[in-house]
Structure formats: structure tokens, C-alpha cells
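Going by the order they are written in, the chains are A, B, C and D; count residues from 1 in each one.
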Amino acid sequence: MTHSYSREKPDLLARLRRIEGQIRGVQKMLDEDRYCIDVLTQLSAIKQATHAVALSVLQAHTRGCVASAIRDEYSEEDKITELMEVIRQFTK
Amino acid sequence: MTHSYSREKPDLLARLRRIEGQIRGVQKMLDEDRYCIDVLTQLSAIKQATHAVALSVLQAHTRGCVASAIRDEYSEEDKITELMEVIRQFTK
Amino acid sequence: MTHSYSREKPDLLARLRRIEGQIRGVQKMLDEDRYCIDVLTQLSAIKQATHAVALSVLQAHTRGCVASAIRDEYSEEDKITELMEVIRQFTK
Amino acid sequence: MTHSYSREKPDLLARLRRIEGQIRGVQKMLDEDRYCIDVLTQLSAIKQATHAVALSVLQAHTRGCVASAIRDEYSEEDKITELMEVIRQFTK
């Protein structure tokens, strides 16, 4: 089965690989006893990059799965409840 | 030179390796066309784990570098400005 | 014209009046030179209450305006773009 | 007793009065059945303004109470724990 994000998949994977590299970079920074504030700036960048990936998946999901559910009047309520739940998670 | 987080370093490194594994897990989820909401839940967990690591570094930094600067009356203003700047970054 | 939130309006108004009271409460706390941490705890509660009101409006909007736009195939793209934009604002 | 924010008090009170006005503005928007997205944009502005006030109080508190506690070696640990707890609240 394919999902709403299939068109964005190569881009999303490239961004996740970059985040993986950034996480390894922070491990190296700690190993080298780098200054706390520099470590924190890097961790903040990772959080923001992860959030940006999530927003892309969320957008694909809304345009795809949620819109289909509404159009087909199939499990529409469930899809919207699920969407709101995930938005709640990301804005906490 | 050692930094404020030297005591927590093994724990911080272990947590970063776990986050690295989670990031690879999300790449696998996309490869396997897993459901958007499951991908989003995983990305939210990564954001929260990254934030928790940052709070640990921030706590070590405040107890260590910032407290020293205040005690030694050396670049105290700079340290507090820097601290507030990084808090601003994390709460944006 | 009525909007998606018309059913929730009395509840939303009651919650906003309570937030207004909390904001006045913080002004009183500052006037009385109350302890910073207590002021901050109160401001954090206000932020969370405001966010909860926003999530209720967002949910009503998604169930109402966005679902209609998708069902009627009318300005669907615009509605979803607008929705994502507002989610981005709230998760920043 | 005076607190760390005494110098900023007039500015903080002015900003809180403005936020109070914005909250009343949102009530009026709901009464007039204004468009959800406009209501949400306004609620987002309120959250950000409240957060900005909190950061000012936090900065005054760190420069004042926390720095004194460290300098006087009096309840230093407690002050830093309390500070971290409030930062955790604001970054949740």
C-alpha cells in the first residue's frame, strides 16, 4: 500500500539522513568536550529540522488521507479526531 | 578542557545513540510505506527525546558554567545573556 | 454568517473570560511584588489555556470549513494550505 | 519586599494590559462570528506576547534572585532546580 507521502519520500529520506548526521555530530561534540551553548544550538537545530519533516508528513497526510476520507465519507470523523490528536502532540 | 556536562556525558551519549536509532527507524518506516500517523508519532517522540537531552545539558550548564561566572564575577552578564538567548531558542 | 465554532461559542467565550481574569491576576501579582516563579507559573498556565482554546477552534474549523471545502471541491487546496499555515504558527 | 522585576514592572504591566485587550478582542471576534483562521492568528499572537512577558520575568529572575543565591551561596541548589523546573514548564 502506498501512502500520502509517496511523492515526497525521497526528499523526506534525504532530510532524515541529514538529521541522523547532525545527531552523530552532537555525539562527537560531547566527545570533544565542546562548549555547552554550541551543543544546545545544535540540538535546537535538530529539533527544528525534525519538526519541519513532521510538518511535511502532516501536510501530505491532510491533503491525502484526510481529504480522501472526507470525500468518500468514510471514517471521516475518525480521521479528523486522529489528525487533531497528532496536532495536539506536536504543539504541546 | 572539560565542561559542565562531563559527569552526565555517558548518559547523554547513550540517549543520543538511542535518538540516532529512532531516526533510522523513521527512515525504515517511510521505506515500508507505514501509516502517516505512526510516522508522526515517532517524529514527535524524537523531538521530545532531543528536547530532554537539551534540558539536561542546559541544567549542567547553569549549575556549572553560569554559576562559576557569577561566583567569580567574571563575564557574568555575558553568561546570563547567552543563557537567556538559548532558552529563547528552545521555547520558540 | 455563522462559522464552524458556533456550537462551541458559549464554552469558548467562558474560557476566554477566565483567561482575561488570569491576565488581570498576573497584573495584581506584579503590583503586590509576588515571587517571580509564581508569576511565571501563572503565565505558563495562561499560555496553555490560550493554546487549548486555539485547539478547540482549530478542531471546529477542520470539521467544519475544511471538510466542507473538500466535500464541495471548492477552494480545497487553499483551505488546506491555510490550515497548514496556521498549524505551523502554533507549533513554532 | 521587592523582586528582581521591579525595574521592569511598568513595562510588564503595560504589556499585560495590552494582552488583556487582545483577549477581549478575541471575545468580540467570536461574538461577531469572525473567520476561524483570523481568530487563530489572534490567539497565536496572544500566546507569543504572553511568552515574551514570561521571558522578561525569567531574565530578571535569573539576573536577580538566582545570581544572588549563587553569590551568597545560599539555597543555590534550590534556586537552580526551581529555575530548571520553570524552564521545563515553558518549553513543554
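Going forward, contacts are C-beta pairs under 8 Å (C-beta built on N, C-alpha and C of every residue); 3 or more make two chains touch, one makes a residue touch a chain.
Remember, predicted model here, so these are calculated numbers, not experimental data.
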Quiz item: Taking each chain's centre as the mean of its CA atoms, which one is farthest from the centre of chain A?
Solution: D
Quiz item: CA centre of chain A versus CA centre of chain D: separation in Å?
Solution: 29
Quiz item: Rounded to the nearest whole Å, what is the centre-to-centre distance of chain A and chain C, using the mean of the C-alpha atoms as each centre?
Solution: 23
Self-check item: Where chain C and chain D are represented by their mean Cα positions, the distance between them in whole Å
Solution: 17
Quiz item: In chain D, which residues are in touch with two or more of the other chains?
Solution: 51, 58, 90
Quiz item: With chains as vertices joined when they touch, what's the shape: line, ring, star, complete or other?
Solution: ring
Quiz item: Hey, which residues of chain A end up touching chain C in the complex?
Solution: 51, 55, 58-59, 62-63, 67, 70-71, 76, 80, 83-84, 87-88, 90-91
Exercise. Under the touch definition given earlier, write down the residues of chain D that touch chain C in their complex.
Key: 1-6, 9, 12-13, 16-17, 19-20, 23-24, 26-27, 30-31, 33-37, 39-41, 43-44, 46-47, 50-51, 53-54, 57-58, 60-61, 64-65, 82, 86, 89-90
